[in-house]
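Two complexes follow with chain A in common, the first pairing it with chain B and the second with chain C.
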Partner chain A sequence: MAKAEVAFVPLSQHQTLWLVSAAIGVLLPLAPYLPYWLDTLAGLALFTRGWLLYRRFSLPPGWLINLVALAGMAGVGLHYHTLFGKDPDVALLALFLALKLFEMRSRRDAYVAILLQFFLILSQFFYTQSLLTGATMLITVLLVVSSMAALNRDDQTVRQQLRVAARLLLQAIPFMLALFIFFPRVAGPLWGLPADAYGGMTGLADSMAPGSISQLTLSDAIAFRVRFEGPVPARHALYWRGPVMNDFDGQTWRIDRTPLLEHLPYRVDGATVGYEVTLEPHNRYWLFALEMPATIAPEGVFSADFQMFARGPVRTRIRYSLRSSLEQRTGLDETAETLDRARRLPPDINPRARELARELRIGPGGRRRSDASVAAALLARYREQPFVYTLTPPLLGHDSVDQFLFDTRRGFCEHYASSFVFVMRAAGIPARVVTGYQGGEINPVDGYLLVRQLDAHAWAEIWLQGRGWQRVDPTAAIAPNRVEENLAAVIPASEPLPLLSRPEMDWLRQARFRWEAISNRWNQWVLGYDTQRQLGLMRALGMNDPDWRSLASILAILCGGLTLAFAGWALRQWHRPDPVQAQWQRFSKKLAAYKLSRHPWEGSRDYSRRVRAGIPGRDGEIEAICTLYEALRYGRLAGAGQLAELRQRINDFRP
Partner chain B sequence: MRTQDHNTLQQVLQTASTIILGKTYQIRLALACLLARGHLLIEDVPGVGKTTLAHVLAHLLGLEFQRIQFTSDLLPADILGVSIFDREHSSFCFHPGPIFAQLILADEVNRATPKAQSALLEAMEERQVTAEGQTRPLPEPFFVIATQNPSHQVGTFPLPESQLDRFLMRIALGYPDRAAERELLAGADRRAMIAGLTPVLTPETLITLQGAVANVHAAPSLIDYVQALAEHTRHCGEFVTGLSPRSALGLLSAARAWALIDTRDHVLPEDIQAVLPAIAGHRLHPAAGTTSAPGSAEIARRLIESVPLP
Partner chain C sequence: MSLRERLRQRFFIWALRGRPPEPSPVLLTQRRVYVLPTRPGLAFGISLIIMLIGAINYSLSLGHGLVFLLAGLGISTILATFRNLVHLRIEPGHAEPVFAGDPALFGLILRNTRDTGRPQLRVWAGDGPPIVVDIPGNDSIEALLPVDTRRRGWLSLPRVTLETVYPLGLIRTWAYAAPAQRCLIYPAPAAEAPPLPTGNGDQQGRLRQNKGNDDFIGLRNHQAGESLQHVAWKAAARQPDAPLLAKQFGGESALSLYFDWDALPPDLDVEQRLSILVRWICDAHRAGMAWGLRMPPLQLEPDSGDAHFHRSLKILALHGQS
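Moving on to the complex of A and B:
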């Protein structure tokens, strides 16, 4: 009965204002991920609600709200073609939250809205999990908790309510840490999502056409981060091998089916470097490795053309450790079938390039050149003729290689790699295009090597008898600085390049390095705190083989202990006497030996009288103490000096 | 607050003590009650000086005094006044009753019928009288001292609890001790002594002092104490009903007045404890099944000893 009455206490204006502002705080960060019309609708609803509140108008009738809700649901259904799935459901919840605010008749409604708000705050993680998102979420959580505080105590100021909420959140931190560290992790990502979540990820594709890589270099998003065990190898050795393209249709290079291997197809000899890659999700199978891998990542498989694949599309940030051998010889005994595939060309296109291949075969004196010198001659041609390395090459037509080699001579790495491989194949030399990333940038703050989308690169690989597969980077022949330094070093300032990779933006870059180091920490230790990290931490804490049971019991013990500690603290706060009272108790304790401890109900004057009677001859001291206490405890004005005096007098009092 | 006013208060106490011998505590309570703008009920057997106390206070404080002897045939009009047709002016003319005075002694209030009792008690609460459609304010200050015989005596109508609550304090005078009684017997005629008293206070000073009571500081911990006492009476199960918020307010203002008489500007727990018997005694009734009805002092002592000072 009493409970029901409490539930139907109407909300005050102040409380409703809290709920509306918390709803704005919750919905605002979600706005970019919701359909525009829904943003508009929710914004309009919130604005109307605020206006009604401000003018103290009554709420619209229930049927109108229901009608808008139905229309909104229909809109969501039409927009997504379904009502189920991550996006439509988040949209529906956002709609419901905006409309629920029109139904704020009682405390119960408010709690429903708060529950919705908490859920929606969490749903931000579906879209982005960056540190910034975490920070905004924290602010919105503070807002929502403040509105909860306002629901329970209406007589406080906004500042007081914020302070209450902040204190509640601070008190929750130990629990959060305990849960975070010890909650048994499931293998797999914490934020496992339905498949529609990965539309907008960028990265290297399974095909390469002129322009596809230069498009990628406009983004300075991070592709992956690498931490080397030892010193970072020289920049020109940092070829991060990605998709290998064997199939050419005249315009586009594509990867083709290659057999998958469980072990490396070559024997690793020589020194290797160890490193750990944290790969950003790109929704493809490939894992990037420094050429040439000496181990296979535990999550990966290897292919006959030396690519590493994950077992599924990389949809969350993953981390893998690898070793690579920088001087590895590969493919010495390559199968004839592979070599044949690496010579295949579509018929009848690029006649001039084919002619060039024939010419290059003929060396000085009419002798037939070796494969190696054909390649060298072609590279020399790139160097000697006026080829230009540019991000904005002219468009190419049907015989793209011919046009590039003989007419435009302007291109980006994919043009050079593509034309080089074409001419090699035309000359009968097995060759293929390798895409991936080249270089990277050391973050001076935390020492991680950052490889960005703008480091995307394409190069060639040719097979030479007795030497196996050899990397040839025609871009290096045109623009050696691309490989030695970075893209900005070779691209003229007039061309579009991400603002931050320009050298003159140095201070901004420093700030960004800082920020990226912090985000990396967040990624590595918060988002990337998975089963393995947990296991590692538990081992470091001295637990040999923690399973979920022992983790759960640690968690229970920790949370129980924390709760007890908080309860004890709260109890102490409750019973903690003020300093005056503490002194007074001390005085009573000193007299306990004379059976003169104060009765709990005894006032200072009565006590003073009794003590004076019990210990004759000390009237002055006793009375002074009692009078001081009386002034401090019951008087109108008392200063800290008097408290100090009381303390001193009680100290000096020897009964 | 001026020291002069304090001195006059002390003077009132001293002079009253010379006439009513050995009852300093009760006189002081009566004065505190007056300063706290409450009404006083004196309950005792006849002949212990109830009326004398009222007389002494009226004289010393310079108040206009009226005495109403309550009998079983007393009518409300006898208290409040009546309108009588005036032939000269051909209109009704109101003749105010004895209630229109600053200090009323309602003697043996429990001898009258409930109807007459309630006429007095309504006036006490409202501090105004409504007779024949006209509301007339009572003088300021307005103070009622009612006396009653213990209700087990024959021919009484005991005041119901709701009306008892109108009295801020109930005190008993009790028999004087041996020395005091001897002095009384050997001394001069009390009535003559009262007649010879000169007022120490004026009604205006009394009103100022009543205002000063409200300014006596009650520290938060002291208010906690009042609350703790009230809460204890409500939850301990020893009483039929606990102290009402009005009683708690009364307790606090009586304690303030007590402190004022003691020339202090702040209240001490001792002040609360001193006035508690008079405040709580007539409001707390032992619940059925508890030990035989204790007196006010006993109730207050038990209450004080079961609530620690916060």
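Moving on to the complex of A and C:
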């Protein structure tokens, strides 16, 4: 129908420079997540492109670019052992963008590069979605949009082009907010995700091998955040139950296969506390709960050894509300099979520990001690003998429990829990290792309890006749501060501790609290804005029964209203008449009293003649006004000065 | 006329709200400005859908944010592109006569009554090549739209298309206008014509006593467009501030040309005759000679100068077209 496509116009240096800088802006935040060789290749390519542009050299031949592209693809394939999946595809997109800049022959090529850039900005969110990433996104989008503006108008300065893009983006933000809040959220994923979708998440493992690690690396990454309905319980009660290790092969404790339950296996007694956990993704099944849960999270199931599991690996930040009973009695009528399994030990290892178990059974006067007394005697032994709590314990060999209990006596929670449970089992008392987190830190800024990876802990659970399962924390016996305060209170300053956990870094910690409170807001309301949050917000806004239909209609009304408002603003000169025409009409109105108003069909010359005839002796004034009007209306060189003069002359004209 | 062609015509008539030409000035109201995505705009939209699916699938909340921001950008660029064209005033400007075969340049005054500029408007008439104009705020620009010419006579300005994809190239807004404007097309001068009829009273021309260039008679004011050969340069050098004077010649042998329609060879058709006459007039004009023209029933007395040149050519251009 019409010539929609512009004839071939090569991109100018300025336009290409915009595209190259936008590509740098897009690729830079992605660099930490790409293979280092690809970073180098892309950096080199962009540098070369910029240099060629600066020196106005011609582009390398197409076959060379294709060759580099093929080599890069082969490199990606070798690096990831596949070309399909999240990471290799992001790497390929980055490669294509860097090389596409060498193939900028027309507007079409430029738009391909721009769309690639948008996809790459999106792909950055696979790796990080922090507040900082959000801010970076705005800057890179501004760059890319400016390069689009430059593509469509080449005669502007960089500042002007940035301003055009910024104005468009500012107008886009109300739409973004409306869509973000009201666009009906669909819980993903829509289909199976590639296997590598969730790499690089940290959390508790499903096994524990005391003595195999000589230095515990402490991360202050947040494991989960908790908001309590009431006051936060005392610190020593904050045992966050995670994987329960029941199976020992002499070196490693592992979780056991346990039946899953739909209901709690005990009757809740005592007062309960309510709280909401926001769990960071850790790519495993556990949901952490304060011991012992009084409810099961809607998205979880319960096991016979009181672990709570999600129905799938936790791969996104999730929120769940729970109640827990801190004084809960459990396992009063535990099955014989479970108790048997909780006494099982591999034969022939740790003979000295077994001997210790026999000795502990014999109380003063040769009487056989009760199970509870045996446990108390072992805890007393930890206290009385020179056991040291350290994060850098020596490595342990074959009889690891023996070595720890009688030789090295240095270790952290895993060593204590493991050795305690071993001796208990050797004494015939049902016992198991429980891992999870202990304690946490209250952020004074927003009141959330922050539980970090360095709060990871292991303790023991023994079963006593008539009392059921009882939590015993042998670490508390040797280092009570670990439980009462935090890790920093236990570890001597010479040992490695995260900088921010050190007491002298108080001001830095305050700053971090503030930042983490902001991040938490961001996580809760931006990143964690899901179907439930959305429906909750709609109810808070007064909707009775929100569903996607009502959301869609709100959205339609909002976007329509916004569009109308913007359109009205954009076209606001609808009824503003031409200023020259307005003055001309004013002139005609002044003359209306003399029956000399202008006829609609009358040209300025004829009108001037008629007025001069009607009001004799004023030829000069009338002539000047009409000439000015003509100059303004039809002349090519009309300016604001002439308009002012016309206004003045009409003001002064008194017929 | 094929069905498709007919539909197109119907569309233009509908789009122009009435048959062209329209009264001036033409105001591009919002009802006659159309908006559709360009190819990059379509690709942008499809990309947004793919990105939204990706963001949902991987539960990327910031991904939702990015897609929604870009969707908002799409809406704001629609408005910006629409605003770039809407409420533009179009008035016909000048159109200098041209010879058939040369492109006619239709002047179109584009008036921007808004404070903000309207950059990157592409304007073309009919099938002519587009020209790109930037109109500053509260200003007007005369766009000269080239139109191919083939036939002599009045040429009406074909349908004018105004289009812009500014600022992002994702959206195209366009409008049609058909302001009443015409351009006179002179017949094309013949490439090969008989020599100027300067003979002594032969059939091809007539010898008349007139202001020829033989004997010097006196001086008169020089008129723009007259041959510089006759300027009295010596007199001009003596009085640099005085108007230029031209020498006047007269005498028995002063020749004047008379181009007579009926004197042309009878085997030529109308258009051939016209182009020969045009060619003669052009040659005579270039040489600074005076000529007369007889086109029954019209007759022009011999004269020279630009006005006479155009008057003569206009008679030829409109011959038989009343």
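Basically, the second predicted complex is superposed on the first by the 553 of 655 C-alpha atoms of A that agree within 3 Å, B and C clash if a C-alpha of one lies under 4 Å from a C-alpha of the other, contacts with A are read in each partner's own complex, and residues count from 1 in each chain.
By definition in this document, contacts are C-beta pairs under 8 Å (C-beta built on N, C-alpha and C of every residue); 3 or more make two chains touch, one makes a residue touch a chain.
Because the structure is a prediction, the values reported are computed rather than measured.
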item: First (chain B), second (chain C), both or neither touched by A:44; value: neither
item: Which of chain B and chain C A:552 touches, first, second, both or neither; value: neither
item: Which partner reaches more residues of chain A (counting touched residues only), chain B or chain C; value: C
item: Partner chain in contact with A:70 - chain B first, chain C second, else both or neither; value: neither
item: Touched partner set for A:630, first chain B, second chain C, both or neither; value: first
item: Which superposed partner A:606 touches (first chain B, second chain C, both, neither); value: first
item: Touched partner set for A:527, first chain B, second chain C, both or neither; value: second
item: Overlap of chain C and chain B interfaces on chain A (superposed complexes); value: 636
item: Touching residues (chain side chain A, partner chain C) in the complex; value: 1-5, 107-108, 111, 115, 118-119, 121-122, 125-126, 129, 133-134, 137, 141, 145, 148-149, 151-153, 155, 164, 168-169, 171-176, 179-180, 183, 185-191, 193, 197, 316, 526-530, 559, 562-563, 566-567, 570-571, 573-574, 576, 578, 636, 638, 640
item: Residues of chain C that touch chain A when the two form their complex; value: 8, 30, 38-40, 43-44, 47, 51, 53-73, 75-77, 79-80, 82-83, 86-87, 113-114, 119-120, 124, 130, 134, 138, 140, 142, 161, 163, 165-170, 172, 174
item: Chain A partner contacts - residues on chain B that touch it in the complex; value: 217, 219, 221-222, 265-270, 273, 304-309
item: Contacting residues of chain A [partner chain B, same complex]; value: 581, 599-606, 630, 633-636
